[in-house]
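Shared between the two complexes below is chain A, which pairs with chain B and chain C, respectively.
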Partner chain A sequence: MTAPAPVPAPPPAPRVPPTPRVVPAARRAPGIRRQLPTSPWLFAAPGLLIAGGFALYPFVSTLVNSLTDRRVLLPGRFVGLANYRELLHDDMFWTGLRNSVLYVVGVVPALVVLPLLLALLVRRHIPGVAFFRSAFYTPVVASVVVVGLIWVWLLDERGLVNSLLEAAGAGRVGFLSDPWLLLLSAMAVTVWKGLGYYMIIYLAALANVPRELHEAAAVDGAGPVRRFLSVTVPAVRSTMVLVAALSSVAAFKVFSEVYLMAGPSGGPAGEDTTLVMLVQRTGTGLTGRVGYASALSVVVFAVTVALMLLVLRADRREET
Partner chain B sequence: MSVLDRPSHRPGTRPPAEPPAARRRRITDTGGRRVRPAELVLRYLLLLIVLALTVGPFLWQLSTSLKSPTEDIYGSPPSFLPRHPTLRNYERVADTVPVWDYALNSLKVAGASVVTNCVGSALAGYALARLRYPGRRAATLVFVLAMLVPVEGIFIAQFTTMRELGLNNTLVGVVLPGSVGAMNVLLMRNAFRNLPYEIEEAARVDGANAWQRFTRIALPAVRGTLAVVAIFSFMGAWDDFLWPLIVLSDPSRFTLTIGLNYLHGTFANDERLVAAGTVVAVAPLIALFACLQRYFFRGVGEGAVKG
Partner chain C sequence: MRISRAILTTAAVALLLPLSACGSGGDGGGAGGSDASGKPEGEITFQTWNLRANFTPYFEKVVADFEKKYPGTHVKWIDQPAEGYADKISADAAGGTLPDVVNVSPDLVAPLAGAGLALDLDKAAGQYRSEYLAGAWASHEVPGRHGTYAFPWYLNTGPLFYNKSLFKKAGLDPDAPPKTYDDLFSDALRMAERSGGKVATLANVPTVEDFGRYGVPLMNKAGDGFAFNDPKGVELLTKYKQLYDAKALDPQALTATPESTGKKFLTGAVAMNPGSALDLGNFKKQAPSLYRNIGITDQITSTGHANMYVMGVMVNSRTRHTPAAVAFAHFVTDASNQMAFAKQVAIFPSTAGSLDDPYFTEDDGSDETRVRVAAAKSLKTAVNYTPVLFSEQMKTALRNQVAKALQGKESPEAALDNAVRECDTLLKQQG
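Moving on, here comes the complex of A and B:
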């Protein structure tokens, strides 16, 4: 909120012909001479161009396309809500929606709680703790493709996890062959990759919890669990809401983990297809149905917004 | 933001506190509180378990990539170390798919993304934070809205746009949509706004124009945020999967992530090759992270608050 200092009036300039309406900013902005590279719009232009051209325009065009039967190679006609009606009768859509919603339900609680515990673990400055923090962050740095393939190999029928299970006397488990187990495994991978990221967010929040609160609670005889529940959790509650919002939006849009672990078609009979995978499969390639895929995208977008509002609303209700 | 900056600086400020603690042969945290030995043992035990769970998978992948083609990689109980470590798999993966070309493509994409994001977001951020002109609020709103639109909701439209621009199946097409991230613009805007205005004001009175104030005064003062933008742009572009998967169809133009997916899909039966490929893809980023962790952590804090 830096208040702009009052600007001396520009010296009475000789009458100039009215500048074209395109760059009125250059004239009125105080302190900026009419030399070429100083116009604020020139500064902002590259950013505005990209933001407009590759975020806002595609958004509008997605909405418009969802009302047409456009294909990748064919311009579309206006078809009204036909795509949305078709969607209601598309089993694959419901499978995708189910899986994406399940993903939120499975991943978000884990990503709200586990990183907090992890943050508490690496919070005390005992020797070597900086190393552990960095190490726990490594999965965040790696590409989701690398992470996905590492776990495909680990959870393989003959992979490390099954070798260990067998060595321990348990039977081998088809993590990647059973559709439900595969979805669960993918969720576990998403959690594994996200732990370090949210841990850092929680560490920042924990730094603000006054230590006196903990000590007072300890003096009053509260054990570690009690202190966690009645001191730590309330103190980082707003951060938990933030993490819930961020992770639920990300979880609903899941694509890569399931794509890599189940394959492009989402496993046998597409049972593990997520909504974004369906968008990708429907709308790309030379036969892609842009119109229908756009309607699916609108659903992705709507649910994402709804999730955000839901989390924020739940937060407000709890607060009052 | 200042609050979130704190943990990132902590690792740096730790050393001064440590020598006395070590001399007294008593383990304390930075607050000078003693840590009970039992608690200490429990903490290290838990830390090591989590370490095994988070870093172990990477090491297992590395180990698999170093195992010779004759060594059994499926055995139970598993052998964690390669019996005869060999780089043979790295040669073989390069014979199977042009993995070094993919790495070069990834490097080009990531490098270009760093340059465009640093330049574009610094310029736009400065325009939003410091320059005064009608329409500034509207411009800010454009970036806020752009930040809120999820890529997953618009990539089909982006794909058709790319086709119309004739940029499908090119690396330019991969870079372009993320070339000036809206969030980076807002990060830079906040960084510029947090600078004291007086110096720039003085420069302005002395006759410096906006460009001079930007390059000589403001930009040097936000180097830290610029580094965060650079690192996250690099990581984002290097790691990205969905968008390059949509844009690129010609295997000779693949980036590493798409190439790995291709390798996995086509030659899935040889785990050693896939392992070698993933090591190639992840090693540069782990190296980068090891050198510049401070900025990685700082970026998380700033991104989470702004995002």
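Moving on, here comes the complex of A and C:
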């Protein structure tokens, strides 16, 4: 009988480090705490300090001030929600809220659609297109004050636009004296000034749309409009949401255009006052009411957050 | 846990720091006190209001003369742009960095005095009171408070300019400008009618000083409430409504600023505009054809007193060098320095007797001199109609209600009642 061949010993199993057992916090023994290293905090400290000093502190300060009757030069007393109650009965607050909301309604659709169309026009590689890209972008880099003043001159009762209208027999239009026309004129300036900025965002998005999708749609017989609606728009939808969110926040907080065109009093009888103009008017100067202006600022903040959530929710609903 | 402790600490600091701002600061207390009797010495800061661009040599000389007169003093002169001047002062005041000596107007002095930041000069510098025109000294008194809170500095007033060529085209006598409100309103309606509504006579809605000049009582006798909604005020606003409807008041008047109305006058879109001797130079340079046709007439008033603007020099009650600050504020505003300044630019000294100087009484036949002599004469009885307590917010409230009346959205009575109510509320909140 032959001795059985020795069975080779199995190779040693590779040393795999044991999988760490995650112990739920509730089951951890008391006293055993997970210590995070401090170095990440040190790296984050400059950013945290800046955010804390220039964002968190002013925000909390505004919240606290909104509960006081503080003035620019005089200390405040705690007044609870009195400022918020007062603004509910302040006609100018409702005028400001109405105008700011109207601004969003008037400006955002234009700033979502028109820059996309412009981007489609200027993305082609044809001679001289760089000139048009620059031309469309120029208003973005121009000073808003200069732009506002130029439009005031153009739309003045005796300005270029009215002179042309008069020459054409249409008569003068009170762009700067009628409250509604004034608001529309300011919206037009905002749209004109913002087109180039959002056009650049769309150009970047359009560069990522695969050409094959357009070619396939064309082979299937889709015309330019159909391709735009069925290929381009779905492909840049997330960019459209981004533009809608950015422009709605900017539109709700509009100040410069309306201030420059309607004047410090906010147009005839203050009818064109926006919420941010009201904050500025109420809270500045030696007799400024810091408490009340802070309450207005908190409302502006709340509505801005609500707008963002609304846009994101609409986007999510579209996705599902 | 370390993380939550850090977050908690941050949140607590963020919450407590703003809270610590409540109840702090405010009135009273000054580093230097109100005793100005010591020897002027130390370094002080002097802030002017948009004067560096054109008057640097003048102010450098004033500072040098002062430092020579008071060895041991040093004056640091700073200047702030016109735009946002009140905001700059409020930021400095709130931050405790208000300069020692500050160029102010009466409406800026009132809140600073209320916060205890303006030195009471009746106490600290009462001996200088007789050097100034009584009305000018009183212009920095604040209703409801005892004391005077700034030295009066330069005064200004001006005539009403009108475009003779537009008057002629409208069939009005270019050498017989309106002298009364009735003349003004009838000429304005005629101008609008003849030009088919293309030329307005006035470009500004009535402000509080217009109500004052029309003879409307602006505040009640106690000085704790406004009163411009009386029948005389309603009468003025009703007349302006007629002008607005007839386009005799520029359609853009509701949003006009002094700059925009000045431009309209330069371009011949408006026939009359208030101004000062300073404007003549602008007309000559920017609108030579207007300058050739310029007419100059007195301000129209129902009271017999023209409106004047007053500038002042305030001493910060918290200055560390009260004697030097008071001495410098007095030095800048004394008769010789004000006279020297008046010869540099079309302003008028607030010191007693200065307006009797031949420079302000002798007419050499030029337009500039004629305006200067007439203005100096009217200043002797002029009034600063704008109430010291009339804040920017009150100006906006009045302007908006006046606009509603002109647009026909409110009756003149209701609009002025609303304006008075809003201004009274703001006055109470001002404290």
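Just so it is clear, the second predicted complex is superposed on the first by the 269 of 320 C-alpha atoms of A that agree within 3 Å, B and C clash if a C-alpha of one lies under 4 Å from a C-alpha of the other, contacts with A are read in each partner's own complex, and residues count from 1 in each chain.
Here is the rule we use: contacts are C-beta pairs under 8 Å (C-beta built on N, C-alpha and C of every residue); 3 or more make two chains touch, one makes a residue touch a chain.
All values derive from a computational prediction rather than experimental measurement.
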Note = Between chain B and chain C, more residues of chain A are touched by B
Ask   = Can A:T284 be said to touch chain B (first), chain C (second), both, or neither?
value = both
Message = Once chain A of both complexes is superposed, is A:W41 in touch with chain B (first), chain C (second), both, or neither?
response = both
Ask   = A:G76 contacts which: chain B (first), chain C (second), both, neither?
value = second
Inquiry  = For A:N208, using the defined touch cut-off, is the partner it touches chain B, chain C, both, or neither? Pick first, second, both or neither.
reply    = first
Query = So, does A:G270 touch the first partner chain B, the second partner chain C, both, or neither?
reply = second
Ask   = If you stack the two complexes on chain A, which partner ends up touching A:G52: first (chain B), second (chain C), both, or neither?
value = both
Inquiry  = With both complexes superposed on chain A, which partner does A:R158 reach: first (chain B), second (chain C), both or neither?
reply    = both
Message = With both complexes superposed on chain A, which partner does A:S61 reach: first (chain B), second (chain C), both or neither?
response = both
Task = Could you look at A:S177 and tell me whether it touches chain B, chain C, both or neither (first, second, both, neither)?
result = second
Ask   = Which residues form the common part of the chain A surface touched by chain B and by chain C?
value = 33, 35, 38, 41, 48, 52, 56-57, 61, 65, 70, 72, 156, 158, 263-264, 284, 288
Query = Contact residues on chain B for chain A in the complex?
reply = 3-4, 6-7, 10-11, 14, 17-18, 27, 29-31, 35, 40, 43-44, 46-47, 50-51, 53-55, 57-58, 60-61, 64, 74-78, 116, 119-121, 123-124, 126-128, 131-136, 139, 142-143, 145-147, 149-150, 152-161, 163, 176-180, 182, 185, 193, 197, 201, 204, 209-211, 214, 235, 238-242, 245-246, 256-257, 260-261, 264-265, 271, 274-275, 277-278, 281-282, 285-286, 288-290, 293, 296-297, 300-301, 304, 307
Query = What residues of chain A sit close enough to touch chain C in their complex?
reply = 33, 35-36, 38, 41, 48, 52, 56-57, 60-61, 63-65, 68-78, 156-158, 174, 176-177, 182, 262-270, 281-282, 284-289
Note = Touching chain B in the complex, chain A uses residues 1-2, 4-5, 24-26, 28-33, 35, 37-38, 40-41, 43-44, 46-59, 61-62, 65, 70, 72, 118, 121-122, 124-127, 129-130, 132-139, 141-146, 149-154, 156, 158-160, 162-164, 166-167, 192, 195-197, 200-201, 203-204, 207-208, 211, 242, 246, 249, 253, 255-256, 260, 263-264, 276, 279-280, 283-284, 288, 290, 293-294, 297-298, 300-301, 304
Key: For the chain C and chain A complex, residues of the former touching the latter   = 1-3, 6, 10, 13-15, 17-19, 21-26, 86-87, 89-90, 93-94, 108, 111-112, 114-115, 117, 250-252, 254-257, 267, 269, 391-393, 396, 399-401, 403-404, 407, 409, 426, 429-431
